[in-house]
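Here's the structure we're looking at; comments come further down.
So that you can tell them apart, the chains are marked A, B, C and D in the order they are listed, and the count of residues begins at 1 in each.
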Amino acid sequence: MITLTIAIFLMGVIVVGLLNKYPKTAGIIAFFVSLIPFFALLSWSSVMNITLPSYLQFLNFETSWQYNLGPGTLILQITPLGWFFLLLLSSLFPMVILFSISYFRSNAGGFYAAMLLTMLGSFGILLAQDMLTFYIFWEIMSWSILALVIRGGDRKAIVSYLSFGALSAMLILFGFMLLYFKTGTFVFAEMHLDASNLVLAAITLIVSGFAVKGALMPMHVWAPHVYSKSEEPFVAFLSGGLSKLGYFGIMLFMYGVVGFSLLSSWGTFRGVPLFGYSLAVVGAFTAFAGTVLAVMQDDLRKLLAYSSIGQLGYIAIGLGIGTPLALTGALFQALNHTFFKAVLFLAAGAVYYRTGKYKISELGGLGYKMPFTFLASLFAIFALAAIPITSGFAAKWLLYEAAIEKKFLFVTPIMLIAGVGAFLYVYKILYGVFLGEPRYNVKEAPLSQLVPMWILVLPLIIFLIFPGWFVDLTAPILQGYEMTAIPHTPYTINTSLAKYNTLAVIFAFIGTLIFAFILYLSKPQEKVDHMDNYLAGEPPELYDYISMHASSKYYEPFEEVFYPYFKRGAERMWEIILAAGEVFGSGARKIYTGIVGDYSIYILLFFLIMVGWWLLW
Amino acid sequence: MVNYIDLTIQILVAIGVTALGFAIGMLFNGIARKITARIQNRVGPPIYQGYIDVLKLFTKKTNISHGWIFDLAALFSVAGIALAFLFLPVAGVSLLSGEGDLFLILYLLAIPALGFALGAGASGNPNAAVGIMRALMTMLAYELPLVMVIIAMMVYYDTTSLAVIVQKQANMHWAIFIPVFFIGALVADMALQGMLMEKPFDIPIAPHEIATGPMVEFGGKHLGALMLYKMMGIVVETTLFVDLFLGGGVILSVSQFGWLAYVVNFIVWFLLILFVFFIALLINAVFPRFRIEQALKFYWKYDALVGLLILIWIFVGVTP
Amino acid sequence: MVSIPPVLLIAFPLFFAFLAPLINMVSKKAVKPYTLFVLLLNTLFASIIFLNVSSGGVIYEQLSGFYPPIGILLSVGYLGAILALLINLLSPIVYISYFGDAKNSVKFSMLYMLVTASSTGIVITGDLFNMFVFFEITAVGSYGLVASMRTKKAFEGAFKYIVLGSVGSAFILLGIATIYGYLKTLNFYDIALRISSMPPTARLMAFIFLIIGIGVEAEIFPLNGWVPDAYEGSSHRVASFLSLGPSKAGIYAIARLLFTLIPIMGGFELALLLGLLTLIIGELAALKQKEIKRMLAYSSIGQMGLILVAFSMDSRMAFVAAIFLMISHAMAKSLLFLGTRNYTVGSLKNPFVSVPIFIGVLSIIGMPPFPGFWGKWYLMVDMASQGFWTIILLVILAAIVEAVYYARFLFKGTGTEKSEGISKSEMTAIVILALLLVLVGLFPQYIYAPAVNAASSFLGGGP
Amino acid sequence: MTYELLEPIFIISTALIAIGLYGVMSKKNILKIILSLGLLDTGVNILIVAMGYIPGGTAPIENGNYSLYMDPVPQALVLTAIVIGVSVTALALAVAMGYYKKTGTIELDKEGVMKW
């Protein structure tokens, strides 16, 4: 069945690629192909101790698969961790494809082909059991993203993505080679690592390679360019789904291959491995800086990009701390981020589909025009800002608890402040795009765009009520790392520090809402246009750009305070490194003077050096 | 099996305490106006003016709504602030406080704020938008020192639950008597000034610049709801402060004194929050308003620096 | 299985190359199909010989009636068979691109067949002097091809190539003279057998002479001054052809020299040093390059350096890696040279251009599942198991630099510039090349088995 | 077999090679470079022919007298090398003509050349 899956995927790639002229047909075919990983996921649910309902028993994908490539063997096998991340990706992917069917009006075959390839790559990565397989699928995923970035057509995005992609690939490759030198095998299960510095170097390289995909600072430079200059459904999948693969890699290698006890053997600080501690610090820094930068953006997609960077930083914090509590939190954050960021990017896509604009200062008042898009994004925004009426809060809460439990005195305030900063930029989205005065007379997004958005909102609500179900999912994963899942019931989570009862929150909120609603219903009201306001004057023309909308330079005082500290960012650092490389490059170029006599002199010199070397030797 | 009688009693207590909270909030509004007037050598309105205002607004005949998003503001702000209050231990009585912790409370406080901001944004008035921007930035500003102190306390008491922190301060082992948390209380009090939107941090509502900012478009029952939110907000925020540093006002143990303890504790709690509020009012009366950048710089440079010292103190002091 | 004499591989196109003017007299239109037919037939021969070799081992063939060591010997080894197939497979594909060209020069077709034949000759010959002759034919043909654009740049590049090529051939002759002077033989086996009887000084001198002479053709660092200029001066098609034929033959000769001919002490270390220098200088020089053919030429230099590094590891795995790298470079670089005529980023709008170019770039950078990846992977695995960290680091840095300049170059501009684009025939050629890249990448096992044979044979001192 | 390096023939050939290389390295004029290449070739050829020289030997032509003849292989080599040299020179001259037609000069000037 896996052979068949891969074959179908590859055939799908070719077929949709050839159907470039017929975007709708290609989209529908791609949608059906994209459902396969989800079925595979269902059929493997036994690894998570979930029994499949009888009407789904006909799905039986084999749980392990090998393919002999002559010199090496591809080994795929489902593991709990892989299953979990496959859950995120395979449920997001069909929705994104569904969204794109109506999003693209022409020339979409290449898009679907590359998207299918990214999913194929991710599928392989999540199941890989040895480094060769992992690397092959990792790079397939990586360059299919590149293909999609090229479709976006922005040079800076392409150059930064390809450069960082290569950097990441090479870091990972170098790390793999170190591990291979140490163990003499590529297979994860056969590796016997010890606490030598070589292994430490290897794991550091590997983790920094994955950090590029996970957009951890200072490896994040590519992300804003790519996110803001590519097609929206792809960005939704990239930010929501593919960026998680970086954290999958980090988790796999830190806890699956190396293991917590070995990590601890390189030194611990207050019970946390130093390695993890530094990862957590990097994550916290990323969370904070990403948030601050997000507040400063005017382009909706750039804002969401920096917000992604910031939110992904939380996952790194959780993976760094490495207690069961923290890992649960990190995985939960990964799940939430997958769905809410996808919804937000899709909503941005729907807004663009209708208005053709991405600049926040040029949008406004769409909340009444596109109410369902607005509501879906509102839910996503609640999740992003960790408001406790979506599951977004539970994840952040677990991470805070984990940090306090390990007495991360300096990291936790940064995390919290980043959380507060998130309010700032989500309000920018809300106000700039959906609220304020209307500027466009547009219709609601088409149904095939609304449906995926609302389906993606569902998990945020389900796991709000039953965070315990989520903890159940993490149990087999943690078991693999010789840890036990945190104590929980379906709707409560207990930690050594406190308890979180979702039912209490929900019922209390419903109760207070009823109270408020009664107050609200006390008197009848009159509805007026929301231009009819205290300013008492009409703007010159209703749908004119010279309007009273305040979203242009909305956080100007904020920028004035923070900009000086952020203007010399990581991008500048990399530019300096590149410039240094170019200095060497122009030095090397100067060798080729274009004068044939000089070239002959090189030959003679080489001859003389050889002879001289021999004479000396 | 759920004990329905217990549950009913709990719900009734919750409703009662919430109502009490709203009542106290309205009272505080009157007290605030009276005190400010006295400091400024005016007579001022009567102390029950808050009740009159709310009653008037809710019985007004013309109510203007700017659409359903606008209406969300009224719902969310009242519901949210009441929700936050339910999760606070009040005078040692932990209603739902055992079901959540300080982080939850900090985030619950965001619900009314966000709802309020939604409504204000939906009104389409630029003044409102500017006001919200200022409010959010003030929030960012004061949260840093506040959070630093709170985290120092969490690590010190080895819990994140506010109820447990209050319990550990029982028998007058109030945090404020510990030198480091005395400084912490000062830091947090500065933050409280911003939370209460009193001068010098009343930037968001600055009536002279942006016509009361977010509230500019509200009238009638909508404004009534917002006033309820603001009044209740005073109670919630001062209670949070009292719970953190002043042992929640608990001076008598319930197990020893029975119902008397409740009465005494509630009175002490009331006096303490009044005292905290009074300090805020005094500062309010004598200071001019900051600009928003100045507020941010004040909190992040000076207040947070002290907060950082507290963190270092705890970091060195607490053995893992 | 049919077995055919390897000499056909050389003689056949040579003969028909000289017939081409006759065909031209009969019908001008027939020349292109005729040439393609000849090349394709040669592909067929090459594949039969490849199959013969992989099933039956090395094929020897004497020419001119004398027995070795006096007579001229052809010996098709495993590596020779692979490369002969590679060259003869790719040269018709690149030739396809000529069909869409308005120009119809019989000289071009002749030279093309000539160079194909002689490059093949280099990889299947068993005689040093023979190799020299083939080198010279290749070189003369290539000079003519480079100059065939008849622009100032073309003449200039061709002239530089001629000068350096002639100096190189003089060095080869000197090397041959040295060897012959001592051993009185030019047969590879004889030389290899009796090389130890040569005094070390003479042996070393011969080695130096030969490596300089061959190195000019193989684009090794201090000897490759002509490369950027000649590639820049020549047409895209010729550059494409040069990177698949002559350069591969040259690096084959270097490998032959290193492994079987004159195994001197420190030879591999020297090769490693030269390879690394070539790699780094080539990649760095490409970093700030503005002219696309020149950039690709520098990139070629870097790739040749990498292949030399792989050979210099003197181990089976790395040898296999070198073979994959050669395949990757031959296919991908000719694809890129062909596909980037009239290049602007706007030409990427056409999927039949953008997808092949994309695949080519990926293979060069070393992304799976393309041949370049297998090459780099085996090379790294081999170096890792020997613990050569510094070299791995250098190779990795070079790969990153490579990615940076390819990205900067291929995707520069805004995408709105109009471009004439490339002709249908060129498109056909690059699509076929891309397909080949994908096939080799997805099924490396079919290359791996002969490659391992080649490695064992070379490491054991055979052809 | 011994070689005496001081034999004049070796001195001559080495000198020719050196002159040829010097010319290639230092001259900008295309014709001078081509001439230098010719010198270089000639030097190498002389060296190879000299290598096969046996004092008193005859030409390696089968005429019944087997006693002493030159080594035929170097001569064959040199013949081939001369042919190749001629063709390369011819090609180089053709290229020089082409260059002259395009630029009006046979100097490889410094400004116009492709470089870097």
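One rule holds for everything that comes next: contacts are C-beta pairs under 8 Å (C-beta built on N, C-alpha and C of every residue); 3 or more make two chains touch, one makes a residue touch a chain.
Quick caveat, the model's predicted, so the values are computed rather than measured.
J.: Is the C-beta contact count larger for C-D or for A-C?
T.: A-C
J.: Taking each chain's centre as the mean of its CA atoms, how far is chain C from chain D in angstrom?
T.: Distance between chain centres, rounded to whole Å: 27 Å.
J.: Whole-Å distance, chain B centre to chain D centre, using C-alpha means?
T.: Roughly 98 Å, centre to centre.
J.: Taking the mean of the C-alpha atoms as each chain's centre, how many Å separate chain B from chain C?
T.: About 77 Å separates the centre of chain B from that of chain C.
J.: Once you find the CA centre of chain A and the CA centre of chain C, what distance in Å lies between them?
T.: Chain centroid spacing, chain A to chain C, equals 43 Å.
J.: Do you know which chain B residues sit against two or more other chains?
T.: Nothing qualifies.
J.: Mark out which residues of chain D touch at least two other chains, giving numbers and ranges.
T.: In chain D, residues 21, 24, 33, 108, 113-116 touch at least two other chains, as defined above.
J.: By the touch rule stated above, which residues of chain C touch at least two different other chains?
T.: Within chain C, the residues that touch at least two other chains are 159, 163, 167, 228-229, 285.
J.: Name the shape of the chain contact graph, picking from line, ring, star, complete and other.
T.: Per interface graph, the chains form some other shape.
J.: Sort out for me which residues of chain A touch chain B in the complex.
T.: On the chain A side, the touching residues are 270-271, 365, 367-368, 374, 382, 385-389, 393, 396-397, 400-401, 404, 407, 409-410, 412-413, 416-417, 419-421, 423-424, 427, 430-431, 434-437, 492, 497-501, 504-505, 508-509, 511-513, 515-517, 519-520, 522-535, 548-551, 554-555, 557-558, 560-561.
J.: Would you mind writing out the residues of chain D in touch with chain A in their complex?
T.: Contacts found on chain D: 21, 24-28, 33, 108, 110, 113-116.
J.: Give every residue of chain C touching chain D within the complex, in rising order.
T.: So the residues of chain C in touch with chain D come to 70, 129, 133, 136, 139-140, 143-144, 147, 150-159, 162-163, 165-167, 169-170, 173-174, 176-177, 180-181, 184, 186, 228-229, 232-233, 285, 294.
J.: Taking the touch rule as given, give the residues of chain B at its contact with chain A in the complex, in rising order.
T.: It is residues 11, 14, 18, 58-67, 69-71, 74-76, 78-80, 82-83, 86-87, 96, 98-104, 106-108, 110-111, 113-114, 117-118, 121-127, 129-130, 132-133, 136-137, 139-140, 143-144, 147-148, 151-152, 154-155, 158-161, 164, 211, 216-217, 220-221, 224-225, 228, 291-293, 296-297, 307, 311, 314-315, 318, 320 of chain B that touch chain A.
J.: In the complex of these two chains, what residues of chain C are touching chain A?
T.: Chain C residues touching chain A: 159-160, 163-164, 167-168, 171, 204-205, 208, 212, 216, 222-223, 225-226, 228-229, 266, 270, 280-281, 284-289, 320, 345, 348, 351, 354-355, 358, 362, 365, 367-369, 373-374, 377-378, 380-381, 383-385, 387, 392-393, 396-397, 399-404, 406-408, 411-415, 444-446, 448-449.
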